[in-house]
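Going by the order they are written in, the chains are A, B, C and D; count residues from 1 in each one.
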Amino acid sequence: MAGLEKPSRWQDAPPLYGEQGVWHQYTCGIAGEKFFRGLMAGKLLAATCPECGRRYLPPQMYCAECFTRTGDWVEVKPPGVVQSFTVLHRDLDDAPLAEPQVVAFISFPGTCGGIFHLLGEVRREELCIGLLVEPVFAEERTGRWQDIRYFRPAHPPR
Amino acid sequence: MNVSVHIRDYPGIPLKDRDIAEGRVLTTEWRVKARYAWDTGAALGRFFRGLKEGKIYGRWCPGCDRIVVPPRMFCEWCFRPTVRWVEVGDTGRVNTFSVSYVNWDASRSTVPRVPAVIELDGASPGMGIMHLLGEVGDTLEEILRRVKVGMPVRAVWKPPAERQGAITDILYFAPRPGGGE
Amino acid sequence: MRVAIVGVGATPLRSLSTCASFRELIYEAAVKAYEDAGVGPGDVDTFVAVSEDYWEGTAIFDEYVPDQLGAVLKPVHTICADGITALAAAMMQLQTGRFRIAVVEGHAKPSNVLHPSHIEAFALDPVFVRPLGLNPRFVAGLGMRRFLAERGYTELDCARVVAENRRHALDNPWAAHAARVEPEDVLASEPLAEPLKELDVAPYADGAVVLVLATEEVARELRDDPVFVRGIGWAQETPDLSQQDWVRAVYCELAAARAYRMAGIRDPVRELDLAEVDDTFSYKELQHLEALGLARPGDAAAMLKEGFFSRGGQLPVNPSGGNLGAGYLLDASGLRQVAEVVWQLRGEAGARQVPGAEVGLAQSWRGIPTASGAVAVLAR
Amino acid sequence: MGYRNRVAIVGAGLTRFMRRAQETGKELCFEAARMALDAAGLRPRDVEAVVMATAPDVFDGVHMKGESLADGAGGFRKPYMRSFVGGGSGVFAVIHGWYHVASGHFDTVLVVAEEKMSSCLPHPQAAFNGIYDQFLERPLGVNLLWIFALEMNRYMQVHGIPLETIALVSVKNKKNGLDHPCAQEGIPGHYTVEEIVGSEVMVWPVTRLMVSPVTDAAAAVVMVSEQVAKRITDKPVWVKGVGWHLDSSYWTNRDLYYPKYVEYAARMAYDMAGITNPRREIDVVEAYDPFAYKELHHMEGLLLCDKGEAPRLLEKGITARDGELPVCPSGGLLGVGNPIAAAGLMKVAEIFWQLRGEAGARQVSRPVRTGLAQAWGDLMQVGTVVVLGV
């Protein structure tokens, strides 16, 4: 670092710690509101693009490709299909998880997209792409993702 | 009434606070753990060590012959290294000031604070730092009567044992009687 | 109008940069870039910087850009994208005919971010994805599993990417994470989001990179060996994680198509002499090689194993060590790649020089959870 | 200095300005972008590239929020880029779009600006604390308004401007805002100088009615090459000049009484537009007015009057909607609302509509051929200027 004076020891220039004092509250939006109201009622709702006919789950207010407002809301029935899964060993603080989490991307036939959620009641050797799964709803639902506790292999098993 | 004579529909659904409070609209919350340990580096590292000793340091640029505060290892105008540490005074003059009744989160405070830009003696003209003024009164009227642009001030320091090597080692700047006008 | 890179400046990359503030880090890179170009900041007409607020810990970080670049009271703006996209922004400005010399700056100080996973998670959709509260690496775990399954690649194939790139970095004095690592070591490293393991992830590094660009006319005056930006492309697939293609890097295909079209490249494997390809996760390099048309779908791993992409191979990939070996510089990574390609094309790459390199490519990706990135084709 | 290709604006869209919108940020983008495309008579597939302007991520509460807004803004599988110059971003978006087209890279670019400030708690104002220097300023327990109050006081002191004169800006703009259908509820209105000056002191000399509100909204414009413009419209509005400059981040080392960065940005834009006498050649102005004094400050920086002279123009009614040099006929940020980046783009949209004679009840009295939109941002640091003409 030509021409620059460095501290004799870097400890002489300790870092300055700081953080944000704010937090955030998000509305679910036009499509999200409908979707989570559906979830409270134990239903998975998808929205349809009037131009290309794609059925989006999770729904969006618009079709990103046609750039058109979606409509024609339909209920999508489980089971869903595991498109990919991972066994997660770290929590958000990057600390090891005592109990690894199984996370899956789950799509539903006839829809475009899919849902990210935890898998439960599942043995490691059972895990595979293509596994059919169904949601386990929470008893108390408040219109958020936690209204689904997790997905589990669809019964009866494959 | 139109945005443009050709557009008649204005999208957007405004909400009231009670729409959320009463659960008519769903929301989710999140508090991000955004924490940092910023490297102070060479210039501010030395500056903060100085504050701990009750001294304010600037840097001198040989190109434009300025003593700059806050210090930097380069001159932003000459684009060459600054080459010398210079202790500047802990006295100066008010360049501008305001009287704040809001806290960091926009909540209101009944006790006003007086942020100011203070041009430090011994640094080149115009070299100000932002800090607070103190000992200038408790009401808007009193503060406006006592504080003037150009008013001489001096730093009021924390006791040496309580200093941490931070800008808050200076508690505030107070009027300096006899500082001249 | 053709645009060339006439100056490159960079700091060495290191896991920590405690002795320098971000300003001092950028100043060092800037001084070197101007020196390399033979210009001063006063000669520069427009400046473009890349940054994201949450990596800096500052709201509206673009405030803090001008001083250490010598850009005070000049046209300066920030692009919230990877460095190659900023290169495109600078190039477009020169091509309007209004400007002669432009500067692009990128830097990273991830060592100052105490909880990077929280920051990455903060990029997830706040309504549909983030409430699960998961470590964001799960996205890479899901992507890697699905990609390997579709292509028939293995975890060992990915481990070879890591071994290769970190070994390449041994000849790069700028690199932060050079090492002799065996593929078995990668396989044995700690699982994070299976099948993704610790060594599959490019470790962070601190550093800064500054480039000086000029129109052809000015570039020819400044130096004998300007490196031209022959083609450039940037693209978004979609930020909606549920709609992203798990197998193809569509953003990279779109960006490459644009860059190749502009550069007149029809057969990239033959026409390119080297490529710096994003390897933020090991499997991503394989995916990007396919998207760039450097390997047919399903062939990338075998080609890599045979040494096709090694230094000394037919098409050296990541001779610098890539993000895995040199270090992941957040959005400055793309500029590090461009700097490497420029050095290679000038024949200044020292022990890692690819002999006779005339045309090179740099390709970047913005990391989890994005599906966006850019491609630049550079040539003498 | 010449430049290669002429660039036109051919359509604009706006959402309502809201204290809190139910729509997500993406959804706001979609509404504005779709409206702009429809107004331009273009299909989504005609768009070759998208540019985005949005202010700090801490408002919406999404890291890399430019990325997250891409699909809502029409960026699906397209070249998409977000530029960022703080509060100057909304006007800069048009400069960003201009160089996309003027470079010859694209013929049709969709420009979108969005802000969803209401997500930030306990109050969106708190988001701004992070703009201060983390080493030297944030530890003092800062509030956003401090820096404006400091600048305003300096401006008042240097020129001897009374608070009552500055309050006239709020009076004018809040009245103009009454004619804007997108104006935020409760923001425009008929006020007296006494009411403005007498409203709650936030950070003296700034009172509550001299501050623009926090707002959720999106705005969009469509920018095209000359070739496309001639094909699709007989009323293109041309980008005549663009300028932007960024001053030092060491704001306490600068004299805040005059916005030099705005002057430099303006000179850059005037040079490109061939404007030698802006006071005569510019017919309508949307100067950035997040705070009442800022409009005056910026008029001086834009060289529309001498230093310290802006208050006189205001007092004489010259800057009224029916005056010789109408400033903020839209109502501006004080009268319509301030969704940072979207507010800047709203100003460009207003000039677009004014120059096409489509501004309805807001149409200024005098004939207009050349208009200017300007924004400012960062630590009193950045000026962004766009000159449009027909």
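The criterion applied here is as follows: a contact is a pair of C-beta atoms (placed from the backbone, for glycine too) under 8 Å apart; a residue touches a chain by one contact, two chains touch by 3 or more.
This one's a predicted model, so the numbers in the text were calculated from it and none came from an experiment.
*Asks:* Taking each chain's centre as the mean of its C-alpha atoms, which one ends up farthest from the centre of subunit C?
*Replies:* B
*Asks:* Please tell me whether A-D or A-C has the greater number of C-beta pairs in contact.
*Replies:* Here the pair linked by more C-beta pairs in contact is A-C.
*Asks:* Using mean CA coordinates as chain centres, what's the subunit A-subunit D distance in Å?
*Replies:* Those two chain centres are 36 Å apart.
*Asks:* Roughly how many whole angstrom separate the Cα centroids of subunit A and subunit C?
*Replies:* 28
*Asks:* On a C-alpha centroid basis, what's the spacing between subunit A and subunit B, in Å?
*Replies:* Those two chain centres are 41 Å apart.
*Asks:* Whole-Å distance, subunit C centre to subunit D centre, using C-alpha means?
*Replies:* The answer is 33 Å.
*Asks:* Touching two or more other chains, which residues of subunit C qualify?
*Replies:* In subunit C, the residues touching two or more other chains are 18-20, 24, 27, 31, 54, 57, 66-67, 72, 112, 115, 118-119, 121-122, 126-127, 131, 238, 240, 243.
*Asks:* Scan subunit B for residues touching two or more other chains and write them down.
*Replies:* Where subunit B meets two or more other chains at a single residue, that happens at 13, 15, 20, 25, 28, 30, 32-42, 44, 48, 72-74, 76, 104-105, 166.
*Asks:* Subunit A: which residues touch two or more other chains?
*Replies:* 2, 4, 6-7, 13, 15-16, 18, 20-30, 32-33, 60, 64, 92-93, 144-145
*Asks:* Can you list the subunit A residues touching subunit C in their complex?
*Replies:* 1-2, 4, 6-7, 10, 13, 15, 18, 24, 26, 28-29, 32, 56-58, 60, 64, 83-94, 101, 103-105, 112-118, 129, 144-146
*Asks:* Please output the residues of subunit D touching subunit C within their complex, sorted ascending.
*Replies:* Residues 1-5, 24, 50, 55-58, 61-64, 66-71, 75-86, 92, 96, 98-100, 102-105, 127-131, 133-134, 243-250, 260-261, 264, 268, 272, 377-379, 381-382 of subunit D touch subunit C in their complex.
*Asks:* Which subunit A residues qualify as touching subunit B in the complex?
*Replies:* Touch list, subunit A to subunit B: 2-7, 12-28, 30, 32-33, 36-37, 92-93, 143-145.
*Asks:* Sort out for me which residues of subunit B touch subunit D in the complex.
*Replies:* So the residues of subunit B in touch with subunit D come to 1-7, 9-17, 19-20, 25, 30, 32, 36, 38, 40, 44, 48, 68-70, 72, 76, 95-107, 112-113, 115-117, 126-132, 140, 144, 149, 166-168.
*Asks:* How about subunit D: which of its residues touch subunit A in the complex?
*Replies:* Touch residues, subunit D against subunit A: 20-24, 26-27, 30, 33-34, 37, 44, 58, 60-61, 71-72, 74, 76-77, 119-122, 126-127, 129-130, 134-135, 138.
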